[in-house]
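A, B, C, D and E are the chain letters, set down in written order, and residue numbers restart from 1 in every chain.
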Amino acid sequence: MLKLNNVNTFYGNIQALRNINIEVEQGEIITLIGANGAGKTTTLMTISGVVPPRSGEVLYNGKPIQKLNPDKIVKMGISQVPEGRLIFPDLTITENLDMGAFLRDDKDGVKEDMDHVFELFPILWERRKQAGGNLSGGEQQMLAISRALMARPKLLLLDEPSLGLAPLIIRQIFEIIKKINKESGTTVFLVEQNANLALKTAHRGYVMENGEIILSDSSENLLANEEIKKAYLGL
Amino acid sequence: MSNERRTVLEVKGVCKDFGGLRALDDVDLDVKEGEIVALIGPNGAGKTTFFNCITGIYSPTFGDVNIDPLGGGFQRINGLKTNKITELGMARTFQNIRLFPSMSVIENVMIGCHCRTKATFLGAIFRDPRTKREERETILKSYELLKELGLDQFSDELACNLPYGAQRRLEIARALATDPFLLLLDEPAAGMNPQETLELEDLIVAIKEKHNISVLLIEHDMKMVMSLSDRLFVLEYGREIAHGTPQEVSENPAVIKAYLGEDLDA
Amino acid sequence: MEGLKKSILAALWFMFLTLPIMGVFVNTIDKSITWRLDRVLYVGVAAFFLSFAWRYMMNRKEVGKKQEEESTEEQVTAYSKLMTNPKFYYPLIIAIMAFALLFPKLFSMYQVNIMISALIYVVLGLGLNIVVGLAGLLDLGYVAFYAVGAYSYALMNLYWGVSFWIALPVGALLGALCGILLGFPVLRLRGDYLAIVTLGFGEIIRLVLENWGSFTHGPSGIANIPRPDFFGLASGLSNSIYFMYYMMLVMVLFTIFIVNRLKNSRIGRAWQALREDEIACQAMGIDKMKTKLLAFSLGATWAGLVGVVFAAKTSFVNPASFTFLESAIILSIVVLGGMGSILGVILGALVLILLPEYLRAFSEYRMLVFGATMVLVMVFRPQGLIRDVRKRIDISAVRKALGGAHE
Amino acid sequence: MEYFLELFLSGLTRGSIYALIALGYTMVYGIIELINFAHGEIYMIGAFVGLTVAGILTSLGFPAASIMVMASMAAVVYAAAYGYTLEKIAYRPLRGAPRLSPLISAIGMSIFLQNYVMLSQTSDFLSFPSLTPEFDFLENYSSMIGSSDFLIIVVAGFVMVALNLFIKFTRMGKAMRATAQNRKMAMLVGINVDQVISATFVIGSSLAAVGGVLIASHIGQINFFIGFIAGIKAFTAAVLGGIGSIPGAMLGGLILGWTESFCTGYVSSDYEDVFAFALLVLILIFRPSGLLGKAPIQKV
Amino acid sequence: SGEKKEESPAKKETAEKAAPAAETIILGVPGAQSGDLASYGLPTVEAAKLVVKAVNDAGGINGAQVVISTQDDQCKPEFATNAAFKLVSDKATVVLGHICSGATKAAMPIYKESNIVCMSPSATNPALTQSGDYPNFFRTIASDDAQAALASKFAMEKLGLKNIAVIHDKGDYGKGFAEFAKKYIEESGSSKVALFEGVTPGAVDYSAVVQKIKASGADAVIFGGYHPEASKIVSQMRKKKMTIPFISDDGVKAKTFIDVAGAAAEGVYATGPRDITGNPMYKVALDQYKASNEGEPGAFFFEAYSAAQALLKAIEVAGSTDYDKIVNALRTHEVDTPVGKIKFDAKGDAIGVGFSMYQVKNGEYAEVK
């Protein structure tokens, strides 16, 4: 479904991604783990077209999308929960969610999805008229995830969704990820610091270091890998 | 275990309203000399708001915030300006990192020294020996702090170019530069992987010992909280639902229900 | 081919745009219509060729950006080496100084005269640079303080015969005072709200000068303001012009010295930090109001100071010299030169003040070219002509110095 | 009382004009945080295009009312085209540049456009035909309100309401609000940010052109410099009402208009601008984000 | 360094202009040529060009060709001094300008030091000639006080008005005129000033001030300022059915005023130079203008035309470019110009230039006898 071929991305002269090759199959959950500054966020931004690659290809369903504008890419069904949440601060929760469904025309469907999201995160329902900017860190994170779901994406990119969330909620979120993957067949590309949980959720994983993919394997194998255990799992 | 220790921060009955929303409701909390106290609770419980209230970014609707940095009796600090409170010895880090992005790493720390130095603009212009010495001492002190937090190799880098984890540590270094008696850390381990979190734990303990300060900590990483803190306070919907030692709190059914969930290996 | 198509489109587009403005001239009184389609055609041709140049420059800028970033390290070090190594910068400074000193000997009085103007604006630019470049406070009414200085000399001289040398410090002081008076209420405002309030303040000062005729002589202004005298050295027009030139040169050096020291000091750091994040700054124990007020009033002091010089130089003041456009030009000096950079501001002042003078050759097209230049410089050098380079902190040197002092 | 009413109405006219121009400032500022100093010049160009078209149509013998409509339409089209081009040439290349660089570019553009019109047309004032039809029902009130005042007030009110609805309820309006708040996230929910910014300039410029034609027809003359003063006042109005807020621009414009008119009426027109700016300072001291503006939310 | 590079083109330019100075006569034309007041300065440039062309076509002055050096000052004092220094450096022989009184005052000391004669077509501030500070200053337009005296006397004596509103545009020129008018009215004892106010030039609407005039019960308006404001005020007065007389100054006595104000202009009084349309030179100047331009000449065109003629004639008569000789020629020798046969008094005001009162009738200014 998604394929990165020898992607190189730069910030000015700093090369953030080096010859990245990643493949995501339809219906999969894959995870990308790596230390701070490894280039995980950059990978997602490259896929979304916000930071286009200098060379290499990004194929989505076989079509190259690396030269398209972000809005075109979103239209093709790729949504992202960005790092830092990027809530629209002056809009209320409801309006923020509505923005998530910007490209959708089916009013009823949107309404339905919004109800669904409020069910998932009742605190958002309680705060629904509050400006997004005033929410607590965790509430914002829930809002960001919900907003991405509002687009009914075919491919969901999640950048550290557990950041700043209470333990209870983290587990809940990973349940939700599994659920939407199973029920609506949404493909999920998960970037996570909490490698333990991420690998338990995902089918396959990639490990990134200094802008390069150094390892890719099934989740079970990665979890069992001694190196990984030492470097990322804190065991 | 620490009953004889002196209380340095004492918060009594603090409330904070945002329009109709009561974000903090009658919260009591105290920190003793040399202690690490953690504040936990579900998202939106009011932890950050609590920090904001005691550091002067918000002023509490009701309640008292008292401090006693030197053992000379309590001083009420409600409604003081943030910079005044920092001068009195409370320093904090931010949940959403707020460094000075286009200043170098060492300059960030030097800003922290600002309130402990005196040079006026006349001094800056004439560069009298005292100003010169003060400036040099500031640089040296900042550099030492960077070293302590393992940031010395970045000292000339712009703060915005630092990896996330390093930025979090830089915030701590900057806060330490204000010579606080109490350090307030808002989710210092957010965005770090388990390995990095472990290293951070050691760092916090080392800092506490070296600078002889107390620490008040907000964190969602239970492993870290449990192993690091002497005491815990738990908030939910702005109310305090429990406090005590890690052991006590982690067995408290209300806390498990509201916050931890059934098993603890998250 | 692609380019050709784009250029043709650009040409057509600009012909369309200019058609009703350049191509037709209607007179609704005698109902006559004059068509000047030839001019539109010229526009089309010009747009066609210029669009190639534009694209070429844009590409170069893109590539340049990449290259620049790649070479920043070297450039910065080369530049900072130049600026920190006495071997390099002493000869350079000596050369510039020698040129500056000999300037009146080499050029006509007109050149000296506009150079005085330019130097006045260098000081104004550096003063505003404290406010905008260092402390990040957008001040669109800076000219108000300039007016305060100019009128304080003009009026004191008119009513009490006060001499230039007394007026100079008094003007500076009055500038500072106004800075503080205005700063107190308005510095709480953020960003662009501050900008509009200062703009309003600038207008208020001008309007008061204009309307309070009984005291300020209103729009007809105050004439015959004496030029500075210096033990009889500066009598006569040419002597006094030369004298003012050297005086301004000294003043520029003095300003550079002070701004440079402030910039690399505890205060300068606090200003920069305040510019980047106010909340974090306060949490670090910096008193926001006090720090901002200091920057604001220091900037005002300089404006007041050169205001006095301005009054002496033109020997005439009226409110027309202190319009918003003046503030805008001073701000442009700071931004176009390169915010925060002292060298940049100097260059900016020289360019923006001397340019219109040298563009006199274009006569009525002068301001047209001037406006276009401003846009083009910003488009192709958004950081300004010279980018601010911060001084690196050399720890080992500090350690050595401190060690020496302690032992 | 009648005097008061007269001053009130004259302030209303003035205020409506300010409000019309202020909308462009407010919209552009809201979306790219730029004080678009060249906006006043767009208004001026709108008026000039209106004059040209009106002149041509008059000589062709069209009736006055249809001239008004067509001249306005032409002015709108051209102002929109100029606004679009302006953004593309002078501001778009400066995305991501330091905050003040586009401001200087705007000042440069303002100087350029003024001189462009001055050189192409004339530095002198040109007579602008009165295109407003005489409304019969105003006959009895002619000492208080003229037809053109009435037209200005009505059009301004209508535009304001329409724009408000547009921003609130259309897809483009939604996109504008999102882009204003967080450009990167706007991209990530599928908004074409470039298009939205262009649209903002186009709409703001069109409104300015409507203002330009109405005012020119009201006061009967134009020259290349009219944009400057009106621009500064309109900008003040936008800030007064809370920059970024559309009802704010309206309110700010009206308050400014009334202040000036009552100051003239009851104090002295010598100091009308002093009053206007002093009021601005005062209001901002007590409401630092303007009357209807909201302080940006900064969660610590 | 960067500075040096910028010097060179200008230096070259200076050199080009300075070199032939021996044989050519340089007529400096400084004034507002850009900015908001350009419309008052550009017609002067046009006039100078026409006069110079005529002179050069006729073989120059004593064989020497005349060249023009225009210098923009935007009516700002600091630019005016720059322009003055530029002209002095370029060795201008005589100067036609500046346009605004303020700019003129700033620039005069520089010309004075360099012994250059200046003649302004438009700077009407009384102090310029009456203070004695500017011996090298001449003008082809009468000063504000003369105009104001005429306007106020006319209003009080001819029209018998008792209650006069005096309005001005806060500018150098307009306010000066208005203040004199106020003074004369108050001194008269018979009439009084109902209202004395300044309006903001360029404002979008003047209805408030019009209402105030109405409320003041004035039976006439004397306005000091230029035509754009005047036409706006008078149109709004007429729209509000106020028919009281409107009396203004030379800044309003322009064709543009009638064009712009249209029907509302009918009946407006304005002082202006004594009727010059009958002068033969007037016709010549106008024809020359129309031959190369669209429309009507702008503000101060004829004064500027006259000044250019007077200056060049004085050089011709003096037979040299010597300061004293030129001044002497100006004072003693009469010149035939569009504004009449003029020479200059000791203070620098033109003798023979005076004001008459005009009224708009059928879309034309006609002298009120």
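What we mean here is this: a contact is a pair of C-beta atoms (placed from the backbone, for glycine too) under 8 Å apart; a residue touches a chain by one contact, two chains touch by 3 or more.
Worth saying up front: this structure is predicted, and the values here are computed from it rather than measured.
Any chain touching chain B that also touches chain E appears here: C, D. Counting hops only between chains that touch, chain A reaches chain E in a minimum of 2. By number of C-beta pairs in contact, the leading pair of chains is C-D.
With chains reduced to the mean position of their C-alpha atoms, the one farthest from chain A is E. Centre-to-centre spacing of chain B and chain C amounts to 43 Å, using the average Cα coordinate of each chain.
Centre-to-centre separation of chain D and chain E, using mean CA positions: 35 Å.
The distance from the centre of chain B to the centre of chain D, each centre being the mean of the chain's C-alpha atoms, comes to 49 Å.
Spacing of chain C relative to chain D, judged by their CA centroids, is 29 angstrom. Among the residues of chain A, those touching two or more other chains are numbered 134-135. Counting only residues that touch two or more partner chains, chain E has 34-35, 42, 170, 198, 259, 295.
Chain D has residues 115, 122, 126-127, 270, 273, 298-300 in contact with two or more other chains. Residue ranges on chain D touching chain A, taken from their complex, read 171, 174-175, 177-178, 181-182, 184-185, 187-194, 294, 296-299.
The touching residues of chain C, when paired with chain B in their complex, are 258, 261-262, 265-270, 272-273, 276-277, 279-288, 294, 298, 390, 392-393, 395, 398-399, 401-402, 405. Every residue of chain B that touches chain C in the complex is listed here, in rising order: 55, 57, 81-83, 86-87, 91-92, 94, 98-104, 106-107, 110-112, 114-117, 119-121, 123-125, 127, 131, 133-140, 143, 155-156, 174, 177-178.
By the touch criterion stated above, chain D contacts chain B in their complex at residues 299-300. By the touch criterion given at the top, residues 29, 33, 35, 37, 45, 48-49, 51-56, 58-59, 74, 78, 81-82, 85, 89-90, 93-94, 97-98, 100-105, 107-117, 119-122, 126-129, 232, 235-236, 239, 243, 270-271, 273-274, 277-278, 280-281, 284-285, 288-290, 298, 300 of chain D touch chain C in their complex.
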